[in-house]
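Below you'll find a set of structures to go through.
Both of the next two complexes hold chain A, though its partner changes from chain B to chain C.
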Partner chain A sequence: MKIREFLRNNYLFVAFVLITILFGVLSEGKLFYAGNILNLFQQNMYVFILASGMFICILTGGNTDLSCGSAVCLIGAIAFRMMENGTDGAVAILVMLMIGIIIGAIHGYLIGRFRLPSIIVTLASMSIIRGIANLILGGYTLSVDDEIYLKLFGISKGFPFYFVFVLLSVMAAVYISEFAPLGKHIYALGGNRHSARTSGINEIKIIMFAYIFMGILTAIAAGVVTGRMGIVGPGLGETYAMDAIAACFIGGVSVSGGKGKISGVIMGALLMGVINQGMSIQGLSVNYQNVIKGIILVLAVLSGYLLNREGDKRL
Partner chain B sequence: MKKFLKLYSTEVVFAFVSLLFIILTGTEILRPMNITAIFLQNSYIFILATGMAICMTSKENIDISIGSFVCFICAMGGVFMAVTKLSTPVSIILLFILGILWGLLSGYLIAYLKIPAWVTTLSGYLAFRGLGVALINTFSSTGSIVGINESFLKLFSGKIFASNIDSFGPGSLMFCLILAILGILYKFYSLRKEGSRINRSVMIGCILAFIVMSLIGVSFGLTGGVPVSFVWMFIVVAITAIWIERSAEGRRLIMLGANPENARIAGVNVRKAMLMTYVFMAVCATLTGCIVLARFHASSSYAGVNFEMDTIAACAVGGVSLYGGKQKIFKAILGAALIGIINLGLSLIGVDMNWQWIIKGIIIVISVSFDMYLKKDRYE
Partner chain C sequence: MDELLVMKNISKDFSSTRALDNVCFSVEKGEIHGLVGENGAGKTTLMNILSGNYPYGTYEGELILKGKKCRFSSPKDSERNGIAIIHQELSLIQGMSIADNLFLGNEKGNSFFVDRQKTMEEARRLMALVGLDETPETPVEDIGAGKQQLVEIAKALSKDAEILILDEPTSSLGKEHSEALFRLMADLKAEGKTMIIISHKLDEIISNADRITILRDGKSVETIDNRNKDADESRIVRDMVGRDINDLYPKRNSSISEELALKVEHLNVQSRRRKGELSLSDISFDIHKGEVVGLYGLMASGRSKLVKSLFGKSNGLLSKGSVEIYGKSVDLKTPRQAIDEGLAYVAEDRMRTGLSLDRSIRENMTLPGLKKVTIKGLIDKKKEKTVAGDNLDSFHIKASSYEQDVRELSGGNQQKVLLSQWFYTDPKVLILDEPTRGIDIGAKYEIYSIINEYVSSGGAVLLISSDMNEIFGMSDRIYVLAEGNITGELRKEEFSADKVMNLILKGGKHQ
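Take a look at the complex of A and B:
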């Protein structure tokens, strides 16, 4: 009984330690090289950023955003196209934010106002956004040489701005979920939609807010990812949504919303990072990485269910 | 007006879009070859849409893993037949066992362990694509496994009532007319069973269906026979329609969709019914995988890309409610035909692949919103 209790409270930490040790042993200690640890963080910044946004979306009642990976590609593509045509880096960044907000607002309006299922809306928008991004890229890979952009988002020497962006995104999610009155409303809506609505919580406003927040974070993730690589190509971000969703569920966020802590999500993102990095060091092909990620996604939800054994709202 | 739209929205959209493409392609789309192509190239949408309509009968259920699963089945088919040289019947049985296993697993996770459908099938979406591509890459260096058994190809991609392309084959026309008459007789029979009269709209529908089927038959006759995939499609649709409308199991399913809580109280085994829908969906996906494998003559890593989008679009256009309830298989089929026409029409005009993605995404959003608009009072 005691072991079960301990596992229930700390299963994330236990899983993290076990998986880190597993990949540490498999890679013969290479995982713990300073370079690899820095890499681990830099290559998985997007997981932290997108997972923070996804967390808020899922909290509002199991709403998800499958399109964020494609949106990263689209936002990056538009910014790079603009800078290629001589637009100033600062303007491009503003445009990126605008697009993120617009995408989020459209999602939020369709899901909040019309009560459309988020899975269908974002699946459809994933297809739309990916199509537009490919049209803008025209099959080419774009690169960037704008100084401001690279300074702000790149990983060259100097002050690590990218770290600030990650920190800001996570802190914003912490503030919203832990301290802001809005956060209480989000939890209430996810916990029991009917009573939340009856007690006067504006559902449309909250879902709009969650998706606009997600859109802003998608724009930030686009900046950080494209800044690090310096290029945008077709196919960028295909598994990003999956990573973010998996991080949330590993972190113990309830699939139907209303339950979960940002600390768990951060832990989940870290775990996803270790898994991503460990698999890359092992030289596993992307295909097998996808298989493993798919299994992890189900296992994460399943373990949450088995450890809590709480009645779900679904029948 | 609203009532009319509510009843016939799919038909109106279908007529409008068909007309649009007839004008845009300059009646090119009406040539026998192209009408055959709708069924040849898009048979997967019809079969998958039927499965998806069943799947969506119960609330919040959806399967987005089907495209990847089709790819996985193609890869496994290639491995069975081209690599390990199994005979055709054994391979087919093995493939369907795989399909049923995945259906049972996903259904168990969704119905019994209450993991939301989108999470379960999302992981399937990721895992099966990875597995399928990995298998193909392991056994071939060119990205496709070739050397599928002849008999398998015949069974899933050949033509029956084969005739010369230059001349007209009356067998195909006869076959389609018999199918049409059977369908109409079934419609009359079920109306009588329900005790309703054969009114004008039913008669118009039957006449239209007869005309369309004879046109299809003529096209098949002019292009060298009835594609086997069309026959498979018809079998799946017929079995599903009869299963849903005539069997107790199907009635339970509809009840579950209309109101899960009531269904449970009335003694329906809700979990088992939900599990069954996923098994059915997986079997449909397996059949689709076989057809796609036979059509390509090889297992390709591009098999099944975006099938889930096409299928969901077909269901959405066909007015299959995302919130469960009684689904009309016929409407899903009409939706599938619509997506088939859009696919073919866009490629005839020469529209870029990316535009096709954009258009289909927009179609889904608009038709789902429209469905919601019609039923606003019900779900608020």
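Take a look at the complex of A and C:
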């Protein structure tokens, strides 16, 4: 019973330690090289950013955003095309934010106002957004040489702004979930929709907010991802939604919303990072990585259920 | 006298049924006013009008608060006027702390930051008022139902409510917590607050309320002065139950055999809300072949839980006990097994759990008994049509054809479709949960006739109903269920409202 109690309270940490050791041993210690640790962070920045937004969406009642990876690709593609045609980097960045906000507002309105299932809405928009992104790219990979853009989002030159962006994203989620009155309303809505409404909480407003927040973070993620690589290609972001959702559920956020802590999500994102990086060092192909990540997601949700289940037996 | 609130000639209709009919109800400042009546008498509807859940315009009549006419458009609106309702199903967010629940929607601090210190201070002050000594950070799900009730009251007090409406506040509380609640109510009364309490437990009402208003069938019967806590319980019961049973029920040629159709012994069912406790304990009863057995109990007594547990644990709660159908011991783990062993359960809420509203009558009729029209994994459409046609006639279902969607039928005809689908499974024992709720008298009569025909031909029925007259009119025997226990059994010649009410009260006191 004691072991079970300990596992229930710390299963995330235990999993993190075990998986880190596993990949540490498999890579013969290479995982812990300073260069690899920095690499780990840089290559998984998007997980932290997108998971922060996804966390807020899920809290409102299990609402996810499957389209965020496609949106990263679209936002990057539009910005790169604009800069390719001579638009100023600063203007391009503003446009990126705008697109993020518009996508989020549309999601929020459809899900909040009409109570459409988020999974359907964002599945549809994922298809639409991916399609438009591919049309803009026309099958090509675009690159960027805009000074401002690379300075702000790139990883090679000068001050690590990218680090600030990740920190800001996570801190915003911390502020919303821990300190803002709005956060209380978000938790209440996810915890018991009916009660929240009788307490005078505006459901549409909350869900709109959550998805617009997600949209802004999607734009930021698009910036740091494209800035780091300097290119945008057709397949960009295909696993991002999966990574962000997995980080939340591995981090103990309730599948139906209303429960979960940002600290858990950060832990979940770290875990996803170690898994991504560890498998890359092992030289596993993306296909193997996808298989393994999928299995880990199911195991995470299942173990959360098994550790927390009550006497109840449902049919 | 100082009349704080007057509700005058209130009427309210739900589609075709009249829930309230010219009800008059008035409350004086600083009193505890008891509101009693049978299930469906209109108590909760009346309070929902007062609390703005049914906004102005959806009912007829006048609502006068402190001499001023009020037209509440929403619960918020009524709250602003000092009225707070505490619903039977508590509306707290389980995963959130007590403090966060108290100020949900009215957080302390500015619009950007919650002032944690002020939240905790205020929470502690309010919690002290209602006698809660937990820390404000405690999640609501970790405290019992009794304390959650107190949190609800504290929440109402935080909004400066003058009139508190408590809808069945003690239905899930033990004796100790109930007493604590009434002590708190007395304290609040001393401070000048006014309270309206709805309860099924007449002894509680008599020993705590200053005046008692009785509703029956949507009408106000009378208001009794109870300042000396000496109201006559039997008078209240008579007011509540009222009329005699007339010829609403068709005669049946009773042929009850000695053979037991269903025998349940020592059935225990665990509680969903309180871990490790039982919501039904040591339930034993039997039904003979050819018999209609009534099961009467109030709303939260566990009636539906009992039959759902019996019907293959379809409520998902763990249960233990022995069940025999015609002498054969069975272990029913799923509804499928229950159906295969000859049980049929006609669910209480036909719209939600009984019928597939957007499918045709034909498809609904063969749903539980689909096996009978299936040949090698395929549905025999021709046979299905024959069955549907036959049923349409024998159950007198009024529909354009058996291809009509069930949604388009009237309540009575939907209920008949529901019955017909279960009869098609050839049940040995039929469980009927509120079979006539919300349907008109003519359709009721037809359904009673169908039941009679079934038991005359050797069936056995367990009938659940909130309508005491229906139970008296249809049953050969009655079991009374209160607080998760069977508190008594009455034979036909013993049927009386007083006896039933006494058995219910026995359950309350016994806890």
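As a convention for this text, the second predicted complex is superposed on the first by the 309 of 315 C-alpha atoms of A that agree within 3 Å, B and C clash if a C-alpha of one lies under 4 Å from a C-alpha of the other, contacts with A are read in each partner's own complex, and residues count from 1 in each chain.
Following the convention adopted for this analysis, a contact is a pair of C-beta atoms (placed from the backbone, for glycine too) under 8 Å apart; a residue touches a chain by one contact, two chains touch by 3 or more.
Treat the numbers as computed from the prediction; the structure is a model and nothing was measured.
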Which superposed partner A:Leu150 touches (first chain B, second chain C, both, neither): neither
Touching partner for A:Leu168 - first (chain B), second (chain C), both, neither: neither
First, second, both or neither for A:Ile37, with chain B first and chain C second: neither
First, second, both or neither for A:Lys259, with chain B first and chain C second: second
Partner chain(s) touched by A:Tyr187 [first = chain B, second = chain C, both, neither]: second
Comparison of chain B and chain C by chain A residues contacted: B
Touching partner for A:Val95 - first (chain B), second (chain C), both, neither: neither
Contact residues of chain A, present in both the chain B and the chain C interface: 312, 314-315
Contact footprint of chain C on chain A as seen in their complex: 179-181, 183-185, 187-188, 191-192, 194-196, 198-201, 254, 258-259, 310-315
Residue ranges of chain C in contact with chain A within the complex: 75-76, 91-96, 100, 103-105, 107, 109, 111-114, 270, 272, 275-276, 313-314, 316-318, 334-335
Complex interface listing, chain B residues touching chain A: 60, 62, 64, 109, 113-116, 118-120, 122-131, 133-134, 137, 260-261, 264, 270, 306, 308-309, 312, 316, 322, 352, 354-358, 360-362, 364-365, 368-369, 372-373, 379-380
Touch list for chain A against partner chain B, complex: 62, 64, 66, 110, 114-117, 119-121, 123-128, 130-132, 134-135, 239, 242, 245, 249, 255-256, 285-291, 293-295, 297-298, 301-302, 305, 312, 314-315
